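For reference, chains read A, B, C, D and E in written order, and residue numbers begin at 1 within each chain.
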Amino acid sequence: MIVCQRPSGLRLFFTYRGSILQQIKAKLLVTMLLALAVTLTHGTLFRLKITMTPVPFSLIGIALAIFLGFRNSASYDRYWEGRKLWGQLVITSRNLCRQILTFVDTGGTPPSPSPLQRKMVYRVIAFTHALRHHLRESCPKEDLAPLLPANERERTDRARNKPNFILESLGNELRRCLAEKRTHPYFAASLDQNLDSLAGILGGCERIKNTPIPFAYTLLVHRTAYLYCFLLPFGLVDSLGFMTPFVVGIISYTFFGLDALGDALEQPFGLFPNDLPLTAIALTIEGDLREALGESDLPKPPPLVGDCLQ
Amino acid sequence: MIVCQRPSGLRLFFTYRGSILQQIKAKLLVTMLLALAVTLTHGTLFRLKITMTPVPFSLIGIALAIFLGFRNSASYDRYWEGRKLWGQLVITSRNLCRQILTFVDTGGTPPSPSPLQRKMVYRVIAFTHALRHHLRESCPKEDLAPLLPANERERTDRARNKPNFILESLGNELRRCLAEKRTHPYFAASLDQNLDSLAGILGGCERIKNTPIPFAYTLLVHRTAYLYCFLLPFGLVDSLGFMTPFVVGIISYTFFGLDALGDALEQPFGLFPNDLPLTAIALTIEGDLREALGESDLPKPPPLVGDCLQ
Amino acid sequence: MIVCQRPSGLRLFFTYRGSILQQIKAKLLVTMLLALAVTLTHGTLFRLKITMTPVPFSLIGIALAIFLGFRNSASYDRYWEGRKLWGQLVITSRNLCRQILTFVDTGGTPPSPSPLQRKMVYRVIAFTHALRHHLRESCPKEDLAPLLPANERERTDRARNKPNFILESLGNELRRCLAEKRTHPYFAASLDQNLDSLAGILGGCERIKNTPIPFAYTLLVHRTAYLYCFLLPFGLVDSLGFMTPFVVGIISYTFFGLDALGDALEQPFGLFPNDLPLTAIALTIEGDLREALGESDLPKPPPLVGDCLQ
Amino acid sequence: MIVCQRPSGLRLFFTYRGSILQQIKAKLLVTMLLALAVTLTHGTLFRLKITMTPVPFSLIGIALAIFLGFRNSASYDRYWEGRKLWGQLVITSRNLCRQILTFVDTGGTPPSPSPLQRKMVYRVIAFTHALRHHLRESCPKEDLAPLLPANERERTDRARNKPNFILESLGNELRRCLAEKRTHPYFAASLDQNLDSLAGILGGCERIKNTPIPFAYTLLVHRTAYLYCFLLPFGLVDSLGFMTPFVVGIISYTFFGLDALGDALEQPFGLFPNDLPLTAIALTIEGDLREALGESDLPKPPPLVGDCLQ
Amino acid sequence: MIVCQRPSGLRLFFTYRGSILQQIKAKLLVTMLLALAVTLTHGTLFRLKITMTPVPFSLIGIALAIFLGFRNSASYDRYWEGRKLWGQLVITSRNLCRQILTFVDTGGTPPSPSPLQRKMVYRVIAFTHALRHHLRESCPKEDLAPLLPANERERTDRARNKPNFILESLGNELRRCLAEKRTHPYFAASLDQNLDSLAGILGGCERIKNTPIPFAYTLLVHRTAYLYCFLLPFGLVDSLGFMTPFVVGIISYTFFGLDALGDALEQPFGLFPNDLPLTAIALTIEGDLREALGESDLPKPPPLVGDCLQ
């Protein structure tokens, strides 16, 4: 996520970092060069004047704008749903932590948590980091090591779906609590509901990651945008003359930009500048939960990479 | 679901597989031939010059774009709701499995599940496969055989609604657990809630499958799109001349493509390239649940058919 | 609901059944005749040439398209919410049936339900039929007779709100179960939640039925569409000549069609071709529940009326 | 809510009641008179010809239509959310009534409710009426008197938030039931959930009533619509001549009408013709609950005021 | 939130307070001056006539309107979600208060709450104020002091996340209630659900505050709007002449206004005129809860700042 003040005035036009311009500069240049060639030849190709008016662009432009708009809404909905799931993760892990400290091992003295309580809360933190690495396809080994008991590290390493494995061991832990009467059945069911909620978050994130917007849709919008921008100079050159490349540049910037932005928001869990700051959120959760355990050695917020929070 | 990298640069225009072009090539060709004929006769039909300007296309084009857009949103919502239901199926079956292993037959030694636990988890897997075949109207016999006890196979075969039948036998199993005191009433109710959730998924999928977007709506949008594209050459030929068939081709590609895409996404449970990969999801669930049971002989992911995951 | 294959190719234009054309043919004819008159008089009314250009239609057309689009979305949302409520009814009645067979009268031998279980499941079926007749304002007497005990038929007949009355007698039944210890309080509360869900379905359907889209909105969109279509020939006749009536016909077909479709979907519980197949859904529920009771004499699916499922 | 048949044919244009025309006739008249003046002077103001073409109106018209459309959707969503909350009120009060009769004072003979049951159900009815008056800022004294015990009337009168006060006394009643063992703790929690639901309805209605669409948004849309309509004659007079006032009238009718309709739907709890029929819904609830108590002296539906249900 | 009557008639145009005009007046002035310069030079820059027609503005204008519309919807959804969360806060704190008075310390005499009850309700009020200051990044010290026991004030001051800290101490309180048998485990779980709900509100507000609409999107829309307005005079001057600056002013007002409004609604928790009245809502909650405790010294509603409720 890009963390910077909105530039004002003229600087707005010269902000490059965080702009979508980086991803579309190649095709924007090609389009403008093409427009320049069309302008210089007055729209003539191999001695044949290409007869074109702005009318077709008006007809197709409305459709294109509406469909780009739809694709953008769908991508943004995925982005925002991803954010909601991670917001829910913040909420659920805090609730789970509060419930573990309130309902499990209630014989312990409140200010200092019992070893079992600490172990369970650590597992919730481990789930958060494992989910982050699972979505970004990176290795969670280093982050998980200090949070899991030694004998479980290797088994977690071997698991196909690491966050799910951690969730199951939380379930097993809960089972042991029940068997050893360290919690009341009623509270066990209440804790189990929050485990369900974690499973829901995991499943929701996997759904967003694994199912993109249907390929045929993206392809259709893509192709229409390209054809539109490549043909546009022929339609404008007769009335706009030497201004054609400039105007084509602006219009292409809008359409290519929105197309590229749709691509960027469609998969919100990566490490690109506009993606969600999963690392920062995971560290916030770790900080909140360690604070609730009474620890004082809290993790630092992650450094900015460029202007971006990862 | 199409699994392939987005082609970049020029290759974008020559990707044929996964494109909607396959389904609209016939009518696209007809439209372009018609446009060619109109161009060659200068818009004259039986010696009568058809007087037509771009204005009507501008008036009707906005309406058409908005209505195609609405239909597309509605279709995509159905597609995405179908995906959410199957995502929920992943979540609920994992939760149910965790609950069965945590709350049923708690006398057993945790690492190895009891026969009853295994039997119940197998039934959850069977539900997943039965639902897939139910939605695709194919025969689940082969997939269900290894998952159900021998005496139930034939009765499942005869059931009108197989996934519902499996759900009811899970309910009966739960009843026996209660009668034989193998679970606490409180947990029985909690398990029952997850059975409710499975029933909700079944009902939701049936709803999407059985109730298309109202026929009259589809017909109206269809007809308008056809009339629009067939009449378009008459409106453009006077100003565009020999470019008419080409421009008509591009505009028709957009409108026919979106119309065909709406049709494709409306029924997301089939075997077409843009449909949901139900087989792959069902096998993922089977793998996760068998892993939780401690089995090591996990199912392989299904092979790609073309570029498609089914 | 119309049940037919989408016609392809030319047949698309000659499908009459299920088309909205039936409902708008009168006003479409009037509009085209008016356009013909305008064409013949070259837009002169009482020797006065009506000066009109396409510009006003372009200005108002965008607004009209957007507002028709909004109204259509709102109507479709009502249609789809109605469908969801009936889908929920399928789910809830199956769940309730499973719960009655699992949690009530658990002393009975599982394969054959006890008389109390059968009586309660029958009441759930009766609720379904009563709701259908309640929404369609038809008489449920015949359908309910075989499902209710003889002494309750007359009281049900006299009730103001029959589905609500049946729900209340299910509540009374539950109370008796509790008093006679035929179910555990915990399960009683769980059953009660599903009764809440039935009450929610009843209330949701009543809300859709009783509260249309605000009348002033419908009136405004209606009037604008009519004025637009009636004045359109004056704006087009100068440039389109003898093609005017034809073009006016197509544009009017789109706008009148969408308007009529909005009307049709706004009240989805009737017996019109595009309405929801409540009878078919109710009979599916009856079939599923009777099958779960072990009965073999299941109701047949309802016959098609034309191409329509009612 | 306006209760009338949709007029058909020509009568559609002469329906005045329920139309938004009543609220915009003044400004519509001003706009048309202005257009008439512009027409008579051929767009000359103080001997200066105002050069204006339709182009700016086309540019701004799309924006205006989209923003009016957005505002209308937002207003309609508020209207429909209000309706859903009141629909939920119907459902929750029926459920609460069923639960009171099923779970409280179970020693009483079912057909005739105990005094405590009656007292609690009456309070639910009182909540409904108090909420209605709370939202409409009218005095509930007369409606509440027969529903509350004499000693509570005055205290209810003095309460800042009357529906909330009644909810709290229902909570106190529940507390007494628990203390006197007239209900099982399990059911108390279940009843309490429905009290939560009533509190949610109260809070939701207050939210809609107290937080309008941001003032700056309304102001911006308002101003743009006015400027658009007042300047329109200058843009049309050159091409439309004497038809200008008529065309300006139609376009202004659409834009002013939608603007006024947005205002009307934004606050759905008032007594205007397009507002929600809170009185009718409250009386329906009273009827249903009294019927469930076995009373026969049910309230009559409220008389229509004009064509409107209040 | 701006609290004022909608101005009618001519005054509508001269309302300045609450208008978005304050925030865009600088750039509006620049644009109009630029348009004036273009008008005076007849679109000639350094002796070079800039050839420009309205066509490009028509092409890009639709796209811009749709994307501004999308951004506005997204911003408004954030605003309205923020309002819903605070509405939920009103509801949940009332429910929690009712539950504390009903289910905790049930030995006390109802009219006067026990010290423990009062202490817990005060903490709920403290949570409300802490959340408000947390979102506005102001110091809650003064507001919290009278609501918390002396020994907790300093610890609350030191907490990283103050509302979360207060929530955790409510959880600890609940734990003590359980240990000292001052509430039934069943009710403890029910109270805990409402603490979950408070945690959900806190997490939801933090999500809105910390994750803006993706920066690249805002930048793209911003830049397009600026380029559009700055180039507009060149496109209009040939046909509109001396009216150009005026028309450019109106169009820029619409686009800049919507852009600025999107910015304003995106972060709804600040102290700007269109932001949510968090202080007023928090004081309403304080009033309701103190009234429920039987106190008579209720807080006054906050004074208006200008026309704004904060």
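Going forward, contacts are C-beta pairs under 8 Å (C-beta built on N, C-alpha and C of every residue); 3 or more make two chains touch, one makes a residue touch a chain.
Note that the structure is predicted; figures quoted are calculated from it, not measured.
*Asks:* Distance from the CA centroid of chain B to that of chain C, rounded to the nearest Å?
*Replies:* About 24 Å, centre to centre.
*Asks:* What whole-Å value do you get for the distance between chain B and chain E if each is reduced to the mean of its CA atoms?
*Replies:* Here the centre of chain E sits 39 Å away from the centre of chain B.
*Asks:* Two or more other chains touching the same residue: where does that happen in chain A?
*Replies:* 58, 62, 64, 66, 69, 186, in rising order.
*Asks:* Answer with line, ring, star, complete or other to describe the graph linking chains that touch.
*Replies:* Its topology is that of a ring.
*Asks:* Which order do the chains take around the ring when read from chain C towards chain D?
*Replies:* From chain C, continuing first to chain D, the chains appear as C, D, E, A, B.
*Asks:* List the residues on chain A that touch chain E in their complex, please.
*Replies:* 1-2, 4, 6, 12-13, 15, 18-20, 54, 57-58, 61-62, 64-66, 68-69, 72-73, 76, 79, 83-84, 87-88, 90-91, 94-95, 98-99, 101-103, 106, 110, 184, 186-187, 190, 236, 239-243, 247, 250-251, 253-255, 257-258, 261, 264-265, 273-274, 276, 287-288, 291-292, 298
*Asks:* Provide the residue numbers of chain A that touch chain B in the complex, in ascending order.
*Replies:* That would be residues 50-53, 55-56, 58-60, 62-64, 66-67, 69-70, 74, 159-161, 164, 167-168, 171-172, 174-175, 178-179, 185-186, 189, 192, 195-196, 199-200, 202-204, 206-207, 211, 214-220, 222-224, 226-227, 231, 263 of chain A.
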